[in-house]
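We call the chains A, B, C and D, going by the order they appear; numbering starts again at 1 in every chain.
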Amino acid sequence: MVMAENGKHYLKKITEHHLFLPLVCLAVVLLANVIKTPNFFQVSINNGILYGYVVDVVNRSSELLILAVGMTLVTAASGGQDISVGSVMAVSGAVCCQVLSGGQVSVNSFQNPFLLAVLAALAAAALCGAFNGLLVSKINIPPMVATLILYTAGRGIAQLVTNGQITYVRVDAYKLAGGYIPGCPVPTPVFIAIGIVVLVSIILKKTTLRLYIESVGINGSASRLVGLNSTRIKFISYVICGLLAGVAGIVASSRIYSADANNIGIYLEMDAILAVALGGNLLGGGKFSLAGSVIGAFTIQALTTTLYAMNVAADQLPVYKAIVVIIIVTLQSPVFRKFIALTLPAGRKPMKPAEAEEEVQ
Amino acid sequence: GGTSGGDAAAPPEDDANALIVVGFSQVGAESDWRTANTQSMKDTFVEANGYKLIFDDAQQKQENQITAIRNFIQQEVDYIVLAPVTETGWDTVLQEAKDAGIPVIIVDRMIDVSDDSLYTAWVGSDFRQEGDKAAAWIVENFKDKDPVNIVHIQGTIGSSAQIGRTAGLEDAVAKNSNLKIIAQQSGEFTQAKGQEVMESVLKQNDKIDVVYCENDNEAFGVIDALEAAGKTYGRDGDIKIISFDATNAGLTDTLAGKINYNVECNPLHGPRVEKIIKQLESGGTPDKKAYVDEAAFDATTITQADIDARSY
Amino acid sequence: MKAGEKTMEDRIVLSMRSINKAFPGVKALKNVDFTLRSGEIHALMGENGAGKSTLIKVLTGVYEADSGEIRIAGEDRPASIHSPQAAQEKGISTVYQEITLCPNLTVAENLFLGREPRKAGFIDWKTMNRKSEELLTGLDIHVSPTKQLDGCSIAVQQMIAIARAVDMQCRVLILDEPTSSLDDEEVGKLFSLMRRLKEQNVGIIFVTHFLEQVYAVSDRITVLRNGALVGEFMTQDLPRLQLVAKMMGKDFDDLAEIRNAHEKRKEFDETPVIEAENLGRRGSIKPFDLTAHKGEVMGFTGLLGSGRSELVRAIYGADKADNGTLKIKGKTVRINAPLDAMKKGMAYLPEDRKRDGIIADLSVRENIIIALQAKRGMFRPMSRKEAEEFTDRYIDLLQIKTASRETPLRSLSGGNQQKVIIGRWLLTNPEYLILDEPTRGIDVGTKTEIQKLILSLADEGMSVAFISSEVEEMLRTCSRMAVLRDGEKVGELSGADLTQEKIMKTIAGGEHGNG
Amino acid sequence: MKTLNDRKHMSGTTFLLIITIGLFVVMYAAGMIAFAEGGFAKPQMFLNLFISNAGLIVIACGLTLVMITGGIDISVGSVTALVCMAVAYQMEVNHMSAYGAIFIALGIGLAFGIVQGFLVAYLDIQPFIVTLAGLFLGRGLTSMISTEMISIKNEVFLSWAKFKIFLPFGSVNKKGIFQPAYIYPTVIIALLVVVAMVILLRYTKFGRRVYAVGGNQQSAMMMGLNVRRTKMQAYVLNGFLVGLGGFLFGLNSCAGFVEQAKWLEMDAISSAVIGGTLLTGGVGNPIGTLFGVLIKGTISSLITTQGTLSSWWVRIALSALLCFFIVLQSVIVSRNKKAR
């Protein structure tokens, strides 16, 4: 009897955890594959590397995951989204390749040290982030419009850097970041993505950044009066976001060992925003969950890979994506859950709290 | 690449009046091919040759091109050169150009208008023919095999190049019972997507004979995916790779034997257009349609000289 | 309907039976019954977090009760009120505790939103503005109807909310702490209005923490404690002390004569904590001089909108002063942002709790530690344990009623939110503490506690600036008072001059020149 | 008793509108001086701004409405593409009449408006996500109808598209021939929509409800407004306008294809924001939006007329000008706010 009670209590605790639904959604998307693609979860070592759909999901979601981390911070702090991340990826990739190629269109050996190229790329990306941050925090331009500027200009800048060409760096060492370290069966991007998530989590744990960001995102005016510099905090979050986009850009360009200004990271900004939302985060800012965004990113990539595995034509893919997204967010919507709780007779639980937005006097 | 031709210092006033003003509306700068195409125009219509080029980049948006043409009309340019984003939807604005008495020359993609007199001439590639060439190569090389399993990596769905090149292959498949498309998916003309799609295809299909990629970038991605999966491909391997565009990088891979057959898509339209304008200036009537010459390169016959001749 | 005598029963306009409402961690209402009769003013009393606002929100459809029924006179079946709109349609008009108006609309629109006067189907702005003007002048509120609402002070907004509710033809009028930011004059106006409505047989539910006000207007009192009904009483049958005892569940020595207990210091030998010279801000506050000493409580008084809040905001740097100098303990300082002021030992409890105070989604713990944490900086986060200790200390000290330390602040009752914010500032251990309406919405018991706390802090050497719309409260605690009129400091009173009468005279403009 | 701020002053919104219009005039005048021989001084050049952007104006007006409620709709570009494609397909493949096509267009717009509105208003799902799904869906459905480009050749439709309305003024071209200025009917429809929206927002209960909901949803609800219904109505009306705008867009481009109207949502959003609409809701004005569209049009017009930039510089210059404009506007407005 007591055991059962405990069990129930435990179950309730799990189902009410904020990551419960995002995780369920991810699981459902993954499991849906088993029907059509029985070997979906099969992982083998092939040619010295891990091989299988699941590996693809994890590998391919790396850039998205890195972006989603930055997007989460920006969203929480400014209540808006950075839609320029895809373009910033292109800038970073372009700078990296251009430094490595020393200005030539295609090279077979590094013309400059790799480290220099990476630093230059990250600096360029951070600068882009700083530009966005300046417009948003200092000049008070709504994030979406402020970042729209680099969203359009970014790819132009990238092309300017590469002179309108695709710059190829056909050096094996450059493929490491987007490929495999010899002898290691796990793709490198996975390590980079994990590294970024861990690093950001540590920063959030060891400093007060999380508290500051959430506070500024919830009530800017009150935050100012308790001594927080909301301008600086927003600015920092944009710089971090830019920097992370830069990392993602290097990974993406390393995957194709070239700087394709027009295509690196294209449409990824929307997926990153979607990842944040699917992770149960509010796009209006405030409290956030990094783990949620990570799960969201996996969900989106799992969905894409699934649809490829099911041979859905690329141009029709958005239709299915849209439908799945709507189903997921509907399941997560508090109104819908309340409705379910009311109609399911079994749910003799205490009333759900009034909707999150309701304010108490 | 090079520096743009239009940046030169302004010539004396009286000279300016003598210059032929050409308004060129370009699709954008979405690929190396496009950049080479733009450069060709800029190099041709320089003031040294007696032209003033007004260049507009439409950023891949048709509505921008329509706006640009209206703008050219108000600027009273002598000729409008249009590299259309789409084949369709030019009736209204070309009518306006016609009303204003400005000849319009179409380059690259063909346009589909209700009245042919809305444009003066067309210069461009025949994507369908490109597709046919590539398909013919497959038919020729796999005469004795049945079935021939083809993986078809398409371009961006709806683009002219995709439509023409896909039609070429599909037509051949319909005519030759041994050819079989076992997977068809769009790689959106990019290396990254090409790789991602190919990875997925490889997990479902073991027996692949040909991968038909609709441009070089997709082919690079496919090569990466095959490499990772430990498959042999190209001139000396099991899987044959077909590609289009024949850019410098693409030909390099063809020479290296990674791509078996690469069909050219020539971006150098500038001189052709100039020829038409010269004809018009001297009162002649140019041909309504002019295809640019396009070759195809086979990995077994290509030489370094072919690559060196290629600037883009 | 029969004229003449009515029985009690048919005068009932509204009754609530066995209302239950639970939030996660708290049972906000436990089997509460409530009855309202027409033509009565019915006070709803209880400590902070007793469930008053929740009961009101259940009645007006903001929350749905877990169980219980609401009956409205003239209807056979229990009323189903699922939204404030439905409540309005049934003739229930409400002024909520936190002002619920639209900041982006004009005063006139806020008054007439949803019932705009129209001509040929289109909104008639002219009539709307004229009617607003009339309505506002009738209530003696002088504000242009075309002014955008967020440019009005809280008190004015409160009056507008009242005007809106009153102007709607209603059977039931609910006023949840309408007087918390009004001063005596406005309160007087409100009362005469309430009496007028009472004569028109409107049933009025009135929530307040001011006992005098309850006894001044109400006919009947319902007391809630911890979400449960204590009882319904006729006002004349329930002496003050008993009412307080019923609210608190224990005997309480009403408003102990704090004033006598505390010995006011007159002499200050040390250098003043704060010296302002010619400090001012264009367009809001005329240049003023001010000194504040260690261990004193200095009050700021004036009429509504006289600029008390703006004056202290200028000192704290919440709005940057554009001329004059500020010295702290003899040293001239430049304050560019609140953090500078905090580092120099100041703390500022803002007047507008909802806009400038609470960080609604953060937990009670985070809200309490945030100011101290901001002062310490980004790289010195306090440990979880430390934070919890601090939180517990202030939950105890201020008797904050919350389900847990981790409850989001938004789900606390208004008064308890206020206490959290007081705790936040006390935690920073300031030398100069600015309190703008600190006791707004706080129940009698705690209010006295807070006043005592202020005095004991002063005894320990803190200098306190205190603003309250309740002059009584200030007289009790302050040793000196600055008087403001129209954004100008017009006088300073201390010692024997500290009487209601003298203050009134100074406000009206009289003998006391600026020192 | 007397309060301090009794004097009547211009509201911040009005000031912003005046600044926006003022900056537009200055920018256009500068263009006329700098590119006088580029035809910038011709009246037709000015009218072209309206001709080319008629559809965008209507769509941006709808978006303004949604943005005032505090929402957003980023699906407008895709829905426009879907509308154009459906119209083209119905007329060219199924031989529907051009009149029928109008209903198709409005129907698609309304359908999107209703579904998105329901999800946002009644299920409380974040508008950005709902309409992002709408964006995916619209584009995907477009390619499901046809991946081919469809040219509209329906005679009635083309006669609408080519119907020039000549105006009593014009300019003389370099051969000395007078050319009357003209507009298309689409321009008149777009301007009518702007006027209708101004009236709707300012002079109807619905309009004021929209502002109230955007200003503070919670308050609006407690003041007894039906917040959900208001939002729903706003999205449905927006859907209708997207359908209409899409149709006007189709009249300008006479075609349907998958890639059509890409990034149109960004154009519409930035136009609305330049015109003074707040993304946070509660503030906005269709007239401002109209000028936002004109400003963006002028910026691209300036660059086209200049005509020597390379592709990437065009992108950079477009964004730089836009950035300059937004920053300038924001600085002027915040200065003014501080001064008050």
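The criterion applied here is as follows: contacts are C-beta pairs under 8 Å (C-beta built on N, C-alpha and C of every residue); 3 or more make two chains touch, one makes a residue touch a chain.
Note that the structure is a prediction, hence the values are computed from the model and not measured.
Q: When B-D is set beside A-C, which has more C-beta pairs in contact?
A: B-D
Q: Please work out the Cα centroid separation of subunit A and subunit D, and write it as a whole number of Å.
A: Chain centroid spacing, subunit A to subunit D, equals 30 Å.
Q: Just give me the whole-number Å value for how far the CA centre of subunit A lies from that of subunit C.
A: Measuring from centre to centre gives 44 Å for this pair.
Q: Using the average of all C-alpha atoms in each chain as its centre, how far is it in Å between subunit B and subunit C?
A: The separation of the two C-alpha centroids amounts to 72 Å.
Q: Which positions in subunit C are in touch with at least two other chains?
A: Residues 62, 96.
Q: What parts of subunit B, by residue number, touch at least two of the other chains?
A: Residues 29, 35, 157-158 of subunit B each touch two or more of the other chains.
Q: Can you list every residue of subunit D that touches 2 or more other chains, as numbers and ranges?
A: Those would be 143, 147, 218, 258, 310-312, 314-315.
Q: Kindly provide every pair of chains that touch.
A: According to the stated criterion, the contacting chain pairs are A-B, A-C, A-D, B-D, C-D.
Q: Mind listing the subunit B positions that touch subunit A in their complex?
A: The contact residues of subunit B facing subunit A are 1, 29-32, 35, 154, 157-158, 183-193, 195-197, 199-200, 203-204, 217, 220-221, 224, 228-230, 248-249, 252, 312.
Q: Help me check something: in the complex, which residues belonging to subunit C touch subunit D?
A: My answer: residues 60, 62, 83-85, 87-88, 94, 96, 99-106, 109, 113-114, 116, 118, 121-123, 125, 140, 142-144, 146-148, 151, 156, 164, 185, 283-284, 303-305, 307, 486-487.
Q: Note which residues of subunit A are touching subunit D in the complex, please.
A: Interface residues on the subunit A side: 79-81, 135, 139-142, 144-146, 148-153, 155-160, 164, 270, 273-274, 277, 282-284, 315-323, 325-326, 329-330, 333-336, 355, 357-359.
Q: Quick one: in the complex, what on subunit D touches subunit B?
A: My answer: residues 38-40, 42, 44-45, 48, 51-52, 88, 143, 147-153, 158, 161-162, 173-174, 179, 249, 251-263, 297, 300-301, 303-305, 307-312, 314-315.
Q: Could you pull out which subunit D residues touch subunit A in their complex?
A: These residues of subunit D touch subunit A: 72, 119, 122-126, 128-130, 132-137, 139-141, 143-144, 147, 217-218, 258, 266, 269-270, 273, 278-280, 310-316, 318-320, 322-323, 326-327, 330-331, 334.
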